[in-house]
Structure formats: structure tokens, C-alpha cells
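Order as written gives the chain letters A, B and C; numbering starts at 1 within each chain.
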Amino acid sequence: MKNRSDPRTCRSAGGLSQYVCFFRIRFTASLQYRASALAGIVTQFAWGGMLILLFRAFYESSPAAFPMPFSALVSYFWLQQSFLTLLAPWAYNTQIMDSVQDGTVAYELCRPADLYAMWFTRNVADRCAKVCLRGLPILIAACVIPEPYSFAPPPGVQNLLLFAASAALGSLAVVAVNMLVFISAFYTTSTQGMRLLFNTTAEFLCGGIIPLPFMPAGVRTVLAFLPLGSVENTPFLIYTGYYQSTAAVQGLCVQAAWILVLIAAGRAWLARSLRRVVVLGG
Amino acid sequence: MIRAEHVSKTFKVARRNAGFGNAVKALFHKEYTDIHALDDVSFDISGGEIVGYIGPNGAGKSSTIKILSGILVPDSGTCTVNGRTPWKERKEHVKHIGVVFGQRSQLWWDVPVGDSFELLKEIYRIDGAQYRKNVSELTDLLGLGDLLLTPARSLSLGQRMRCEIAASLLHDPDILFLDEPTIGLDAVSKLAVRSFIKTRNKERHTTVILTTHDMNDIEALAQRIILIGKGRILMDTSFAGFMKRADDAFRQNRTCGAEGEDNRLELLTASLYAEFGI
Amino acid sequence: MNLYWKYLVISLKGRMQYKASFLFTTLAQLLMSLSSFLVVYFMFLRFRTVRGYSFSEVLLCFSMSLLSFSFAECFARGFDRFSTFIADGTFDRMLVRPRNLIFQVTASTMEFSRAGRFIQAVPVLVYALYAGGVRCTPGRVCALVLMFAGGSALFAGMFIVYAGLCFYTLEGLEFINVFTDGAREFGEYPLDIYGKRLLMFCTFIIPYALVQYYPFLYVTGRSGRVWYGCLPLAGICFLLPCLLFWRTGLRHYVSTGS
């Protein structure tokens, strides 16, 4: 009899049904840890609130220097907090890296499945499941706070649609980047250093600490074209209307391009790593 | 030396059922069940005895060991080890006991075993000369040799276990708690560990409490057997008494399985468990 | 203490086994401080002042926050990892050793890479004092030292509270992050910029303002009240309820088992 809560049962499925399988498992598992979910929501809510207070102080000091309307920034921060588990580069599950470290990856290698695709799907499903539980409550709560700190609707329906597309692309892009970090686990005995390095750098590059529009022009342009810059920055700025039609579409194209490049690079690197593992044995 | 009187302990465990529907329910309402780990447990162990503390999984063995070590406080009953209550006088009590948990290591993982020993020397404030004497003695008896220069993570299970036992004896404890010490060990290591414990007990009168599922360990070492099942002490006799009882149980319930030379002890024990309904 | 030193050495030896990881970690720590600094720098490039505070004044808060936090982390990081200790039985092993438990926890995880962040913060502090034209009277230097001690004590206290909570449950503890990492991040700016209510909270409930805001006012000369510089001492006293909470948690842990 199939054990429905064991992730390994998802292997036999393919493509979309594999995704649904992983999603269902992760979602059910997350429901069990209600205290954890609640704590996460409270934490992110508090963090978002503090960021808003911080930027409010800057806004009141010199409103002219603000690159966007304050209410747009508020929405940006609430989106950032709600979609944290979906789009934050450092919010990945370390399961895969651990399995490479302690050798249990051998089980997965014995199966005639596309390892890259499976890991990729699993991670995307993982992030989606978590954001459903944690993200929505934050957004809902943020809607009921008194103005001007509340979460506002987008300036137009096209913003909303483009946002949805961009967020989807962003999640694919962030997982593609994460895959590269996972594959690096094949090359070291301890992943702790690599993880810390990645988390720190990624946080800064994606506009996680301050949104990209606040950075000086030169820095901003460079970062916006890097893969991480397009992960959080693009979808949120599309939503708030900072990126209008052409800029929005341009952002989507950059995201799509990076996804293709990163996936291709990731697949090639993984294939090479696996060959190396098999040759070394043990 | 070790005296337990009417010790009882109950745990509350949250129940989690599988399935989506139950998971949603669990969001709003958690159910708890009571587990009676120990129920009126009493025994009296004198210095220098080797006691085999056996029972099926979940019988209450680890809870007893935790209480005797001072890690767990019982709900009711008293317990004294050398006149001290373990959980009340933790630091003083712990100076005189050694504990080996089969699956969890006390050695520092990435550094040579010798470095772990040095640190333990400081922690237990072992006098320098005494420490050197103990290390050389333990190295000889357990065949540690080069192992002292190897990091714990590079050792095989058998090598690691021998180092663990040495580590737990560096400070010359009066009492040694061994929790599954031979689990996963190869035959040679098992024999080495058993003979070492026996010698130690004979020469230093170290009291040994051994919890294990390996009946061959029991046969080799235990002079006395305490059987615990579902939180209650079911039997407290000498090894000979235990064997006789188990033999009787086996004769009465021949349905336990095929008899062979190497699983005779297991069969006897299983029959006994069946008789007690545990 | 000799034993502390031994723990340090063994921890370092362990870490150095993983040379690449050690290198990455050190590099990451460097980048962490750098990115925090860049954030403040970029904001001031654009805004010039925030609520009347200049860049150098904010840098004073920034460097103190970094100094206290990295110092506290060096020693109290063991408490941060406390949930792992409970989950894998390491804490039970600590209970079986004849040494003070708090000592064992602090000694278990010593992070030297944090020393890097500590060292980076010092020149920032020096620059902030110099550029801000702060006259370093003995009183002000004392206040700075107290700010550092108080800040470290406060962060250590929050780590200890987190560990105390681990005795009750291992789930849902990430909200403590707001009080540790959050306090560090948002403590980079003078606390009154966030509003009156937050200042009140940080004065009377969790005394961040006592170790940052009030002495800061005194050091920069915005306030003449010398006793503001002594307030961090009250902040240090905050450690007492934290330790008390830890002990209560410990008692709960040994009566309910793991």
C-alpha cells in the first residue's frame, strides 16, 4: 500500500502530477505545525511593520527624495513579507543539500528519473505550499490595517495580471538559482559556509534589505538585470505600478531569459557532478 | 547504593493522525493521550552488581535511566543513589556516574578522540596524573591505540563505541549506565566490550546497569535481571532464576518460532514477554 | 577560565577541518556587515537626514548595534542553536556533566567569524565619533562602554529567553527573531524614528532604548543629562528575568521529559 505522506511516492508520477503530489504532501505537513505557521506570520507581520515605520521616518524627512508614493512602498513591503516563502532566495529547504552530504542521495540516483526536474518540481511545490499557509493571512491582515499603512489594490487590472505572471516567473527563477546552490553540495564536505555566503549575498542582491529603487542609479541598473534582482523586485514593482507597461514586459523578459539560462546551466552542472560521483564511488 | 521506591512517571503525548482532514482538525484542537511510562517501580541495587535491565520497547527503560541519571524528575516516589537524589543534587551526583547512550555520542565530532578526552578531563576536573594513568589503562584494555588521533566522525561504529566507553570511565565513576552499548557492533567488538565491562566490574567494583535488547550481552554479563513491561517491574531475580522462568514459559508456549542454536535466548525471552502480555 | 579556553580550541579545531566552509563563513560575515553598511549609506545618499539625525549619528547607533550583537553572538550563539541541542539529545548529555549548564551552552558554540564583524564595527564607530564631532569626555566614553555592555547583555538575554522557550516547545519560536535579528537591524537607527509608541515599548518592556537611545542622546550632546549615560546599567539588569525564565523552563523540561 502506498504511504501517501512519503515524498518518494511522488517519483512515479510525472510533470504536473508530480508537482501536485509534492504540493499536497508539503501542504498537509505544514498544517500540522500550526504553531510554526502562526509564529511565522507574526514574525513577518512585525518585520513588515517595522520596515514601514523605518521608511516612514525617511519619507517624512524628505518626501521629494522618495522614488515612489509612500502607499506604493507600503504595498511593496506587505507583498514582500507575504511572498517571502515563495520568492526569498534564502528560504529554501535544506533537505536536498543534507541528502547529498550524508549520502542518502544514492537512493534517488538509483531511480531512472530526471533528477534535476524532480528536485526543481519539489522545490517549487514546497515554496507554493508554504506561501499558501503563511502568505495569505498576512496579506489579509494587512488589508484591514488603517490607512496609510494598509495593503492597497494595484493601479490597474493589467498590473495585477502582469504581477501574477511575474511572481510565477520569479518563483521559477529563484528555484533555478537555489538549484545551483544545491549542486554545490556535491563539492564540499560542509555546506554551512556556502549556505551562509549565498544567503547573505542573495539577500542584498535581490533588494531584500532595501528595495532596488532606493539604491543609487548605477547600482540599481546592474542589480535589476542580475537574476536575483528580477526575483522579488520585478513582480512587486509591477504590482505597485512603478514598472508600467514596457518596463513591466521588459522585466518579464529578463526573468524568462534568466530562467532559461540558469536551468540549462544547472542541468549541465548536475550531469557533470553526478558523473563525478559515480566515478568516485562510495 | 541505588534505591528506587514507588517511582511513577506519566507523559502527555500529542496525538497526530494521518490524512488531510485530520491535519486541518489538528489546527484547531490538539488531542493528548497519557502514557504511563513508570508505574510504582521499586528496586534496590548494591554496589558492584551488574544488572541487566530488560523489557520490550516502550516499557520504561529509558525513563528509569533518565531518572537515575538525574535528567528526569518522577511524578511520585523517591530515588537515591549513594545517598543523593539525582535530580536534586545534579552536579554532585553526576560526578560519580558514567553514561553511555548507544546511539548518541559524547565525543566531539570533528576533532581527534584524544582532544575530546582532554576536554572531558577539564570538565570533570580530573587530576593530571590520574588522568594519564586512566587513559593509558583504558587504551590498553580497549585496544584504542591510534584511535586517539582519529576524529570521531572517521571511526567505525565498533571503534567509536570503545572510545565512548573509555570516555565515560575517565573520571572513575562508581556507577556505569550502558544504554544499548553493543548495538550495531561486529562480533569482535562485542566480545571486547563485554570482556572489558566484566573485568572492570571485577577489579573496581563498578556498578553496571545495562539496558539492551541483545540477550547475549545479558548472558555474558548480567548477574541479576530486572524485567520491566508497560511501566511495571515484572521480575527481579538472578540470571539463573530468569533463565528458569523463561524456560518454563517457552515450554508452555511453543508457538513462538523455529528453534535454532543462535536464537535460543531470544525465543526464551519472547516467550516470557508473551506470558506477561507485554 | 581555563576550561572555556579548551572549549574554544576544540571548537576552532573542529571548524578548521572544513577549510572551505570556514573560508566561506568568514567571507559571508564580511559581506553581511558590508551590506548592512551599504544599505545605510545608500539611504543617506538619497535622503541626507532622517528626523534630524545626520549620517554620522546614525553610524554611531549602527556600529554600537553591530558591536553588541556580534559580541553577544560570540558567546551566546549556543543558545541560538538550543533547539537542536534539545532535539538531538545534546542537552541531555550536558545535564550529565558536572558543570554549570549555562556555561556549557555558551561554551559549546563559539563563533569566531563573528569576531570579524566585531572588528569591522570598530572603525565605523571611530569614524562616526570623529565625523560627528563628538567630544570624547570621560563621561561620554563611559557611556559608550556601557552602551556596548548593555547592548550585549540585552541580546544575550533574548538568546537565553529563546532557549528557555525551547524547553516548552520546539515549534513556532521564530518570532524571537524579531527581538534578536530585528533588534539589531532596526537598532541601527536611533529608536525614536519609529514613533512614540515603539519608544515606550523599548523603554519599559524590553529596554533597548535604555542601552541605545538615551545614552546616545547624551553622547552626541543632544541632551545634557548625564544620568542618561548610566541607563544601560538598568538594561543589564534585564538579564535577570531572562535567566529566571530559563531556569523555570529547565524545571519544566526535567519534569516532562523530552
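Basically, contacts are C-beta pairs under 8 Å (C-beta built on N, C-alpha and C of every residue); 3 or more make two chains touch, one makes a residue touch a chain.
Predicted, not measured: the structure shown is a model, and the values here were computed from it.
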Handout entry: Top-ranked pair of chains - ranking by C-beta pairs in contact
Key = A-C
Handout entry: Chain at the geometric heart of the assembly (C-alpha centres)
Key = C
Completion exercise
Relative to subunit A, the most remote chain by C-alpha centroid is chain B
Problem - CA centroid of subunit A to CA centroid of subunit B, Å - result: 47
Completion exercise
subunit B and subunit C have mean C-alpha positions lying a whole-number Å distance apart equal to 41
Problem - Inter-centroid spacing, subunit C versus subunit A (mean Cα positions, whole Å) - result: 28
Handout entry: For subunit A, residues that touch 2 or more chains besides their own
Key = 34
Handout entry: Multi-chain contact residues (two or more partners), subunit B
Key = none
Practice task
Among the residues of subunit C, pick out those that touch two or more other chains and give their numbers.
Solution key: 18
Problem - Residue numbers on subunit B that touch subunit C, as the complex places them - result: 9, 11-12, 37, 63, 66, 69-73, 75, 87, 90-92, 94-95, 97, 99, 101, 104, 106, 108-111, 115-116, 118-119, 122-125, 151
Handout entry: subunit C-touching residues of subunit A, taken from the complex the two chains share
Key = 33-40, 42-43, 46-47, 50, 53-54, 57-58, 60-62, 65, 188-194, 196-197, 199-201, 203-204, 209-210, 214-216, 219
Problem - Touching residues (chain side subunit C, partner subunit B) in the complex - result: 2-3, 6-7, 10, 13-15, 17-18, 88-90, 92-93, 95-100, 254-257
Exercise for the section: State the interface residues of subunit C toward subunit A in the complex, per the touch definition above. Expected result: 18, 20-25, 27-29, 31-32, 35-36, 38-39, 42-43, 45-52, 169, 171-175, 177-178, 182, 186, 189, 193-195, 198
